[in-house]
Amino acid sequence: MSDMNQQMTARYKNNFLKEIEEQAEMGDWVKMCMQCGVCSGSCPTNFHGGWDHPPQELFMMIRAGKRDEVLSSNSMWQCVSCYNCYVRCPRKVPITHVMHGLAEYAYRLGKAPKGQPTQHLSKTFWDNATKYGRVNEVKLTQSLYFKDGIGSGIKKALEMQSMALGLVKAKRLNPMEAVGGGHKCKDLKGIHAMLAKARELEAKRKGRQPA
Amino acid sequence: MARKEYAFYPGCSSQKGASASNYLSSVESMCKTLDIKMTEIPDWNCCGASVSYAEAGELPRHVMNARNFALAEQNLPGQDIVATCAACWLGARESKERLEHSNVLMADTQEALKEAGLNIKVIPEVRHMVEVLIEDLGYDELKKPVKKPLDGMKFAGYVGCQTNRPFGIHGESFENPMYLDKLVESVGAEPTQFDQKVTCCGGALAFSEPDKAQAQIKDIIEAAYDSGAEMLVTPCPLCQANTEVYQGQINKKYGTKFNMPVLYYSQLMTLAYGGSAKEAGLDGNVIRARKLEEFAAK
Amino acid sequence: MTVATNQTILVVGGGISGMTAALEAAETGKHVVLVEKNPYLGGRTAQLYRYFPKMCHPTCGLEINLRRLKANPRIQVLTMAEVTGISGTKGDYTVNLKTAPRFVNENCTACGECAKAVSGEIDDAFNYKLGKIKVAYLPHAMAYPQRYVLDPAILGTADADKAKAACKYNAIDLEQKEESVSLKAGAIVWATGWQPYNAENITPYRYGEFPNVITNVEFERLADPHGPTGGKILRPSDGKEAKNIAFIQCAGSRDENHLRHCSRFCCMGSLKQTHYVQEKYGDEGKSTIYYIDIRAIDRFEDFYAKVKANPNVSFVKSKVARISEDKDGNPVCWGVNTEGYVRYSNPHDMVVLAVGMEPSVKGVDIPAEVMADSSGFIMADPANAGIFGAGCATNALDVNRAVQSATAAALRAIQVVNKVARAEA
Amino acid sequence: MAEMKTAAYICKGCELGSRLDAASLVKIATKEGKMNLVREHDFLCSADGVALIKNDIDNEGVTHVAICACSRRAKTEAFNFPANAVSRGNLREGVIWIRPDTDAARETTQEMAEDYVRMACAEVKAMKVPEGNQNTGGVKTLLVVGGGISGMTAALEASKAGYKVVLVEKTGALGGMTAKLYKRIPTREPFKAPEDNGIADLVAQIEADANIKVYLNATLAKTSGAPGRFKVEIAVESGSVATEDVGAIVQATGFTPYDMNKLPHLGGGQANVVDQAGLEALAKAANGGPIKRADGKEVKSVVFVQCAGQRDTSGEHLQYCSGHCCNTSIKQAMYFKDSNPDIDTVVLFTDLRTPGNGEDFYRSAQNKGVIFSKGVVSNVSANGGGCKVKFKDLILNEETETDADLVVLATGMVPTSGPDLDALSEATRAAEGGDEAAKEQVVQMKSKSVLNLDYRQGPDIPQFKHGFNDSHFICFPYETRRTAMYAAGPVRRPMDTVQAVEDATGAAMKAIQAMENAGLGKAAHPRAGDLSFPTARLEGCTQCKRCTVECPFGAIDEDEKRFPLFNESRCRRCGTCMGACPVRVISFENYSVNTVGAQIKAVDIPDEFSEKPRVLILACENDAYPALDMAGMNRYEYDAFVRVIPVRCLGSVNTIWITDALNSGYDGVMLMGCKHGEEYQCHFVKGSELGRYRMSKVYDTLKGMNLEEERLMDLEVAITDIETLPKKINDYAAKIVAMGASPFKGL
């Protein structure tokens, strides 16, 4: 992981903006921000506890070349994908996607904050979804609870128990899925091959050594 | 021959035994009444949802959706893809937009699809169930089959985010969309003045950052009560789940006494069309909608 | 009867730009026909309470322009008239006009008996519908022509007969119909001005839903002693005095979802309007300006500096993200001050949206001869031949620059008709 | 003109007939007004009523018409008799509309109306029909001073309208500052990239234009005469002097960049620090290739510092914003990005000002990778081979710094507008007092003169703010205080080339108009078309010079015998000279000490026992009088004891009117004029101020007459005081009543 970081640092020297433009999804929009702040004001999580750096500030930091601060920031992981910033931006910057792009890039570089819960969720969700082509909600829930180890897993599970039970009663959570049951696609082989190819192509396009 | 046919993309949560199974069942009976034929896309796969951004990267996400496009095009030629889940709709529509926008992405996507023995010629339209109801049928058509209007029942129409932004329903405002209220009216019920109708429920953060998400959910339920609503109604599985299943924990945390049922528009319509509690998937509500159950029993 | 030749200059639009173009040309000895779609001249400047940066009154300049007009036999004024088509070429145009019935002829002495006699009311367009007026009305105290107008709504009502009976001078003619006129012109000045951007499109601000969210042009009428509130700054919702007022800049401007361009006048407009708050409420009046960049261009900087020095005016560098409404009907502005990331959710008595300038030509079917850019502003373009834009129809301008532009347009028109004259001599 | 035959017309329309005793008004017009012909009519402004008047004019030989009906501001189309002297008795807005329709009020209302009839008759008899000035030249050649983009545009646009032009440029070539630009800010869609500066084309057009005579390396040695008959002496390089006759002048002398050496803290004067003009030179040299510094090094990183020495609050530098600099820096940043996208270009600004379509230009620059940071620069210092720029990043809220090969300072525009006349006259006074330094200063100041006007009131156009020759009037942006002289381009107001072109075209329009009207003896704005002009009975003149000093437009010089020399075509007809003249020898044909004096005398003054005081109101015709009219239209009542006379300007009010009024038994006098001072409203610039100054002197006279100061009231009135004005009148009338009758009654 970190060798990719070295690789990129070497390639882009001090031009962090250029690095983001080429490496992060939708990164080439960062330069278009005019610092009106409508994104920061539109973010719901911003008003529940706040961010280290709201979107427009992150964009400014990128232009100012604050590479480590940006990449290791917890901010972009606060995105709930509500698209408020996206639809209000007077410069039509697809901020939601830029946030996702920054998060993804930081994560690839291994610079993202360790143990960031949403990061973990993202990985768990995707692995879960792609393993069988469809999400296995029970396994997903389990792996989420137990991410911090058995102890806290059980604790969480207990917290969530009433809720889980409720879902089971309502036939909206099928315990059988935990044991092999559950939905899956037929052509798993195809899906996995397809995704492997996609990852390879993306790495190639962005000039990254395939992991 | 049904009057409308679509390629159905239920999505992971709207499957038997999954978290939105009752959405599925109510949609099925609603469509039956409205003579809409929904044919499931054979072997469809997950859309990737928004939250997978970090692990998935860009292309793999598009490829996942592209596979569904290809399957739909191949097996259900000429039919629009219809999703009931906001995230599926958004994810698929975004991929469609980007692929149609970027030759590079499209080329890479085709190359990846080849691995699964697929390819795309024309990407079908990607629609939300609500679009089908409003644009293809229209409110008047939706009123016609109403046998049992839900007289005097008060619903807060909770639209949430992803059915509303960035695409939304044509002609609706991002800040105060009216379609859900109109749907509520069309089944004879009363929409309340609900000022949190587009507030985010926390989305995926409900799992990863429960405290932040639940703070938002609390605002939403509170506002629903303030507006005089008895129940919440929504077009989105994640909104439904988040606003329903965490009420207990929120009560614990904030000492509130929330106990508000959260339904899908399709459930209301099924009931108004004379469907049974089971057809409407009322048994799938964790917070039971007693009033509706009684209503259905009448 | 309007007499016009191919040495006539037709000016379309009787706002300050159109009046200026017409007067400058006429005072240079040219024959001018001035066409205005409202029943009166003066346009939007007549609806302003004060001008920046002098804080003087637009009606003062209007009085001078009207005196110039009354004194000048070379200008013919057609009100309630619109251009429906232009044919011909530079130096030889035929212009078709449609004139709406005023139902009052030149006998009118503006004695006001008709208005006294009728009871029906309509929205007061001059006051941006913030108030009501009688169906028989004089648009405003300085309306020129100084003649009353009957709103078409009066037709077939008892008021129609009452008004007719009340007029001792046979000035009321209910038989008047829409008419088509066609006249010649050598050159045309297109000065159809601007319209405030429709604030309802800016959905996060909930204009039209929250009564205490209004626009900058409406605020001018509230501050004007001759406006609907007699110059008191009151909240539409409850008539309460609005002492804590937010001004939101770039409401529609500099925004690719709305108007791409910067409307130029709105920053100065809001700075000016903070004076109104101070004027009415002294130190009790508090103004907050939410902005991206304060564009107090060239010597207007002095004005900005003065306002900045006023402790009752605060500046927040932020585009307000959204407005909600609290229990007392106060609009609450939500956003982040980008100078150092400060979150806010500030309740105000009233919010004034500094809505931008949209050319009136936009949407209107302007003659093919007139070239407009993608925002609808008329371009200086050789292809326009003998048709020249003036004022805010050509660009987002303040009054001063609009008059400048109109003066230039007058010369361009004169160049054409002088050529015609030389050819015919 | 045929011998005078007077006629008065009493209108009975608009309830005048029912509210007033028309018969007695007719009697008064006949007996006291001594009108040769008096008629009443039920609806005077009707076709029939107007025909009646026309017929009397055509067939009865009526020359002087007193129309006693509505306000002079109403029904102007109907009552339009340009060949006749016409007065208006304002019985409607001025009497019945401001009086209650009650029996109690009837008597005083009638008295009011009767006085207005007396006044209308008196006034019209004192009037002559202006015949226009015979003494003005008809030269229709335009002088344009300055051969930059503004000057060339003014010249070409005037020529296109068929006028001859003399263009004087002080350097050896046309083009001015714009010619020095590598490219200019885009003038049309898509507003995305810099455009050719367009100068070559303009110069070619000028050279091909037979109407335009160009003097290069030339300055104005002397400008004398007046609109329509200016004589200019043009000093050319060879030392010889050419003379040209011109009718009007456009001054387009442009600007010089603010001296960056005054900005050492921003690196002004250092190597590797240039101003915007300096950068243009580098870009021109590079001509699309890599831009190199003076030392030949290729620039790889550049920082633009906006508002350098502008928007300054310390008082050391320019207080204003020059308007164009944001767009200019954007353009210059593009020079770099377009030649090599990898060059770091940073623009440091506090408020980015790109009005109108400039927003597209701004977006385009961002798209090209120009970085914009909201920051305040505190210091620029040399650093190795380049510069270090210290600034506070206002978004990230931190003090920071950045390195650059080159720093560009966006310094402002300093207008080339010649010496400030107030400063000059001060220095001159000191010099005349023998102050040697002042003498030196006067010489030095005069050397900066652009027009070298042979005017008593100084060699150049009076400046407005910050040395710019801008107009003070929002509605009338071209008005200067020198008739037929108009400023265009950055000398008038800071602006970019796009605006300058528009501005120069407008200035040419005004200049052409001034020439046309001067030739016809017609006044320029704001009394455009007025044919009346001031004449003086010099035999009575005491050579006190007040008229020459006070004329706001420098219209009056002194002849060799030190008598006032009126240059009619410079005159704006405000009457300030008439008001200033202590011996009352100055008058206009239709507006004179007599036309107003006669009205004052005509008013019937009841004796002291009647308890009917009389208050004279002299109201500015542009603001106060319309306000009173509109009060009438709104039916706001005011006191029946006042008699209102409109005046052209408070500046035209001669103190004799006040003293005569008080002598003849008026109990009080109210003056209603426009705001004066820095934000003055007076459209004759100094009129209301001078008028007020004069009135302050009257107070001494009052003392001499043993009259209370309160008998004279000076009120500042705006046209919008429709509601408040009646209140103020009533308060004053009440005060006068309380004060008791004037001791001068019946004397």
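In this document, chain identifiers A, B, C and D correspond to the written order of the chains, with residue numbering beginning at 1 in each.
Operating definition for what follows: contacts are C-beta pairs under 8 Å (C-beta built on N, C-alpha and C of every residue); 3 or more make two chains touch, one makes a residue touch a chain.
Remember, predicted model here, so these are calculated numbers, not experimental data.
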item	value
Given chain C and chain D, the chains that contact each of them	A
Per-chain CA centroid nearest to the all-protein CA mean	C
Between A-B and A-C, the pair joined by more C-beta contacts	A-B
Between chain C and chain A, distance of the C-alpha-averaged centres to the nearest whole Å	50
Centre-to-centre distance between chain B and chain A (centres being mean Cα positions), rounded to whole Å	23
Chain A-chain D separation of Cα centroids, rounded to whole Å	65
Separation of mean Cα positions, chain D and chain B [Å, integer]	67
Residues of chain B whose C-beta touches two or more other chains	174
Chain D residues counted as touching two or more neighbouring chains	352, 374, 395
Contacts with 2+ other chains: residues of chain A	34-35, 56-57, 84, 87-88, 91
Chain-to-chain touches, reported pairwise for every pair that qualifies	A-B, A-C, A-D, B-C, C-D
Chain A-facing residues of chain B, complex	12-13, 15, 17-22, 43-46, 48-60, 62-64, 67, 104, 108-109, 111-118, 161-162, 165-166, 174, 199-200, 202-205, 207-209, 212-213, 215-216, 245-246, 248-249, 283-286
Complex interface listing, chain B residues touching chain C	173-176, 195
Residue ranges of chain A touching chain B (in the complex, touch as defined)	25, 44-45, 48-49, 78, 80-84, 86-88, 96, 100-101, 103-104, 107-108, 112, 117-123, 125-127, 129-130, 133-135, 137, 144, 159, 162-163, 166-167, 169-174, 176-177, 183, 185-187, 190-191, 193-199, 201-202, 205
Chain C contact footprint on chain D (complex, rising order)	13-15, 43, 45-46, 70, 74-77, 80, 82, 157, 160-162, 187-189, 311, 313, 319-323, 351-360, 374, 394-395, 397, 465-466, 468, 470, 472-478, 493-495, 499, 502-503, 505-506, 508-510, 512-513, 516-517, 525-526, 528-529, 622-623, 626, 630, 633-634, 675, 679, 681, 683, 718-720, 722-723
Complex contacts: residues of chain A adjacent to chain D	17, 31-32, 34-35, 56-57, 60-61, 63-64, 91
